[in-house]
């Protein structure tokens, strides 16, 4: 849970950054394209982007770094964003959401990535503002996520150049949800590896891995669940910004969101199942250990008692003087041991 | 659960206070404002507030202390509140709720606060009556909760002065729900601390902490769940008291309610997970303890039996007279012990 | 579950009593009132009530004792009740329900009471037939439940005298649901007492109490759940018998039903939590017991082996003749014991 | 689960019997009635029933035995049944269902009966085809189920003779659902008996009974759940075959279906609760057993060590020669034993 | 989970095969039929199928093998398939789905088969494109699945020849869902066999079988659940491609999907129940083992202590010299043992 208590008591619409600051200053990347031409720029200051708003070409302004909230407010005011939208852009604790305003659509989504070193899932906060001919994207850090799409626009591959700002927004979302499957596959690999451990020789570390996995899945599930509702509301939205030919793509997006959710749910079932396996194995092992102890104790404790009897120093103990007394006592030992073994055999303990 | 049995058998609409009395007499604070001017007063008796009702300016009357039910009835009758509304203002057991009457809206909500000493969540009962140009707030005690908003109105910060009574109600609710996140963060801290204990060295006290947390979460969940339905009904309500520009803020409130609920649910999942960890650790430990016991017993019990054999006092025991008998017996000791150790090694117990 | 198999194979609409007979003959109490006047009578036979049906005043006929099914049929036929309604009046196994007929409304509800001696919740079957100007109430026994309301009508307190038969039905239902909270509080007390036992020193009896509580809650839940649906259908009903000003009271009733359900659900969560506490405490105790056993065994079993060695009667055992042999052996004892203690210390068992 | 793999690869609409054949040939019973007259016949061959179809009187043809699928096809073709209806009549694996066709209604339902010898619930497949003036009933075997209704029609008791084919269908369904309560009561008796066992002295057999009960309830639940949806769709259906006065009876049927479902759910909760009781009792017992073992071992193992010490044969052991050495050693024995007992007392183990 | 990460970063509509390649080249089978005539061909290249598109007869083109994505693109472009449809045909990770386009319907479904050797359920990806007079089917491998239907068309059996392309699609789906029941029966057999093991003598292998079953059911459930939604959307679809007389068949399909889901859910309940049985049996066994150990230890440890006492070498031990000392000590042995046995008898441990 990201800290949001810093906002306590502030009036609604206050723009407060609640995430992690990755770089000193935000970076601004701008792409402006028509089917025929494309302009790519890295801007020094955000004001340089404003003239593009009035152009008919599609403009995509990507802001990486949200800690300078005055930048958000400046863009927000220029593009006519509602104060609550400005607040939500900086509130990294907000879940995936879609809101339709008169002049723009506002989309919040999480970018998932998997840290191979710590085996942890990391979620970054991204929000998109989609207007008639512009897309604003706000990211926590300047990752490589959106570079591929920028390249695709530059070279003119795919449909994206021929379609409008709404299709660009779709392409960005599609790209982000595709990454969810990458993360889910990593987790799927961990499940396979834990299952192998359970088959071979489960250890305390296996248990730790299961629990870590379960925690990760609680987190993942909480991130993925709102997606479905978000995409559904995007499809149902009657905003004129979504063009008719983009809607069929949104259906596909919905399908992907469902599939991601579905996979996460199956993983939850599997991890619960693995914990059950571990616990029932522990219970089985305990039984094995107890059997060994009981067999040993039950055989030798009576025998030791018998040796104790004939180790007593009573003056009058007739058996001690028997000629075959020692032999006789070994006969007793063997028959006690044999009897016990037979008893355990019958009880199916051996 | 607050006691409500005191009301048993009374006719519906009976105003009976079921909470805790914090102060001897209720306090009455009144703010009356327009975009241009503001009046702040602490009233001696509630009747002093009545003339403000007819003014066009927005009037906010805050009553702290609900035990003098005649005060509630007096206000209720003056402002035309339905008998059931009067009853609900004093019924501190009532959950969060929204009801729309002809002339006013009635909102019940809980203020959550976290007691750092007892580590307990405390819920206070608050209700709002929102009319065209007035807001009545009824609290159990005169906390610092609403002071910040009073100050904001006084200094004219934020949008609140420029908008109507419905926006004031929204600002109050927003403030209250923001506090939920503060409480959730405190509980999040406790979860992190319990997880550290589980990693280091879980004790009986860790278990107690988990159970206390689970209890707290049952309570919290029960308080947070109705919020969502309440805000949803506020949004769907077609009462003319909600102005159009306030509705977008209610959507934001709904989003916050969902997020609080969502966080509480994740905490529940996590606490269940932590209990699982504790129990599987206990089970693992038990296995370890049993292994130690079994290894010791299984090695030494047979050895002790052998010493018992040669401690017997039979007259005729040939081994006793052997020259290397003692050495031979040590050989037997070592081979039994070695055999057992090898057996346990192969069973992976060592 | 009340026995309903007695009805097997009978045609639908057969009036068969499936409950417990409390008194030999049913009692009939009649109240007839207008805002100005009130008549209260205890009738000898049910026919005496029939003339009141044609009056414009509100008539409430209360029948206690359902075992004389011919009485139900006689009333049913006079007041024009559908055969299925007559059947349901006597079927004490039926859950809370609301049905709207052309000329009357039919309401089935359970009266809950808590038996302090057996600590059990008892549910009695009550049904109401609400017409334009009459209410028929059918109870299994002549309890004190409805006396308070009778008294209220007689003295003219509250709104009930000024309003119609539908409001009287609401008052009766409100009274019945209020009692649910009384029962829930008793159960809440039991939960608190069990929690104290768990904190102090949980016994087998604590476990029994938890399980008894859980059973009681299954029963309670099953009784409370249908209430919500019943009241909801009452609110949605478009029967002309419900007057507009009564509807707002039904909303309040709905709210109470939800709150009762909600409390029962929280109790379920709490009782599940308490069972978890008990079981994890047992698991913890078992660990403690095993530790003691293992520590004792692991220290003394090797020592006993050593004493056994020097208790053997071999002719040639050099140590026995050593001058400081006995002292030396105590050294061995102490170092074994010390070593084991150090080992357990390091394992954190001490 | 009844085998349905025999149908694999056949075209849709293939009539394949998947149940158990009880008799060699099907029996055909026909009743034809008006309010005034009634004809009851046992037919030799199914064709004899066909002339009745054109009559205005209500005709009920009951076919017991579904293995001769050509009979089903012959009836089906004569009465104009859709191929899928014909298929479903013979598919005994199909769950309770309602389908509305142009000329008839098709109802599938299970008859539950309780085998007192094996303590098992048996479900038979029944389907009804309800036309304007005829009812066809298809049963797996010629049970006594429908005889009571036949008798009721013959003697003219109840409403059934005065009403149409749709009411006859309702009476048949009502009768079948009434039997569900008989079965549920039998299972309720088993629950009571298991609870008594748990209170007295739970055995392995008690556990087996709980598990058998749980299995039975899984099966029962699966049979009862679809009922609710089926009756609901019957009520919502706009087919002209349901007359208005029958609809109120269908509401009653719905109520019974809900009640059966509700009871089965409570039984599930109770059986889960009973398993919890059993397991926590086992856990408690294990603790008791371990305590006894630990107390015995912890007292006697140190004592035995002491006896071992003075059983050693060292040449120089001063205590052995003390005058009161033996007395002194008993003092040590008693103080060790006393100390241990005191320790266990303080630990609350005694 | 099938790997879909290969698609990461590609633009939407990219046709990427994510499944297993079974054969080197795809096979193309074409059937073209009218009620009167039928043509069956195995095509060398897919282009040979294109002329059939313009014919009025129903054409079914079956493509087995999806790894040559250029083939999919060629067909897709010729038949006017949307890029996303082309992508989904090759994405074997996609769940069952139905989408309605202007000119065609797109159906994705899984073919389940049961591998008797590995006891595993295998799911193959199949998709259908249904146009006004053609059906395209895309399978991962050239199985025997669709041969039966081809044969049925050739010989003109069943209704399929007389009806259109939509009915052919229904027949294909019906055939596929029928196979689900075959797989469910195999799993049902495994459940019966595990239950027998649990009754006879549960082993570690029984536990493994339960866990394997549970995993399989997680997978199965995930495959079956989307079916219901898919068929439901097919029924609700207002596409003109579904003819009215086919809709009743789709209802039947829905019923089958529900039944498959229902059976899978019951299996889940049963497998959870079986795990409970196993664990409670383990718990019971552990109790038995502990009892044996405790009884043996508690009887013999005190006896051994007594023998130890009289094995001590104190100079002055009066009992040793008693004439009947040895006899007396046996009396002590027997009374201790008898006392313990009586104690355990009373505790019901014997």
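So that you can tell them apart, the chains are marked A, B, C, D and E in the order they are listed, and the count of residues begins at 1 in each.
Just so we're on the same page, contacts are C-beta pairs under 8 Å (C-beta built on N, C-alpha and C of every residue); 3 or more make two chains touch, one makes a residue touch a chain.
Keep in mind the model is a prediction, meaning the values are calculated, not measured.
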Exercise. Could you work out how many touching-chain steps separate chain B from chain E at minimum?
Key: 2
Self-check item: Mean-CA-position distance for chain E and chain A (Å)
Solution: 25
Practice problem: Please compute the C-alpha centroid of chain B, do the same for chain D, then give the distance between them in whole Å. | Solution: 41
Quiz item: For chain A, which residues are shared contacts with two or more other chains?
Solution: 283, 286, 290, 293, 297, 301, 304, 308, 311-313, 317
Quiz item: Beginning with chain D and continuing through chain E, what order do the ring chains follow?
Solution: D, E, A, B, C
Quiz item: Which residues, counting only chain C, touch chain D once they are in their complex?
Solution: 1, 3-5, 7-9, 11-13, 82-84, 88, 93-95, 97, 99, 101, 201, 204, 207, 211, 214-215, 218-219, 222, 226, 275, 278-279, 282-283, 285-286, 289-290, 292-293, 296-297, 300-301, 303-304, 306-308, 310-313, 317, 319-321, 323, 325-326, 329
Self-check item: chain B residues touching chain A - in the complex, by the definition given at the top
Solution: 148, 152, 157-160, 170-171, 174-175, 178-179, 181-182, 184-185, 188, 248-249, 251-252, 255, 258-259, 262-263, 265-266, 269-270, 273, 276-277, 280-281, 283-284, 286-287, 290-291, 293-294, 297-298, 301-302, 304-305, 308-309, 311-317, 348-349
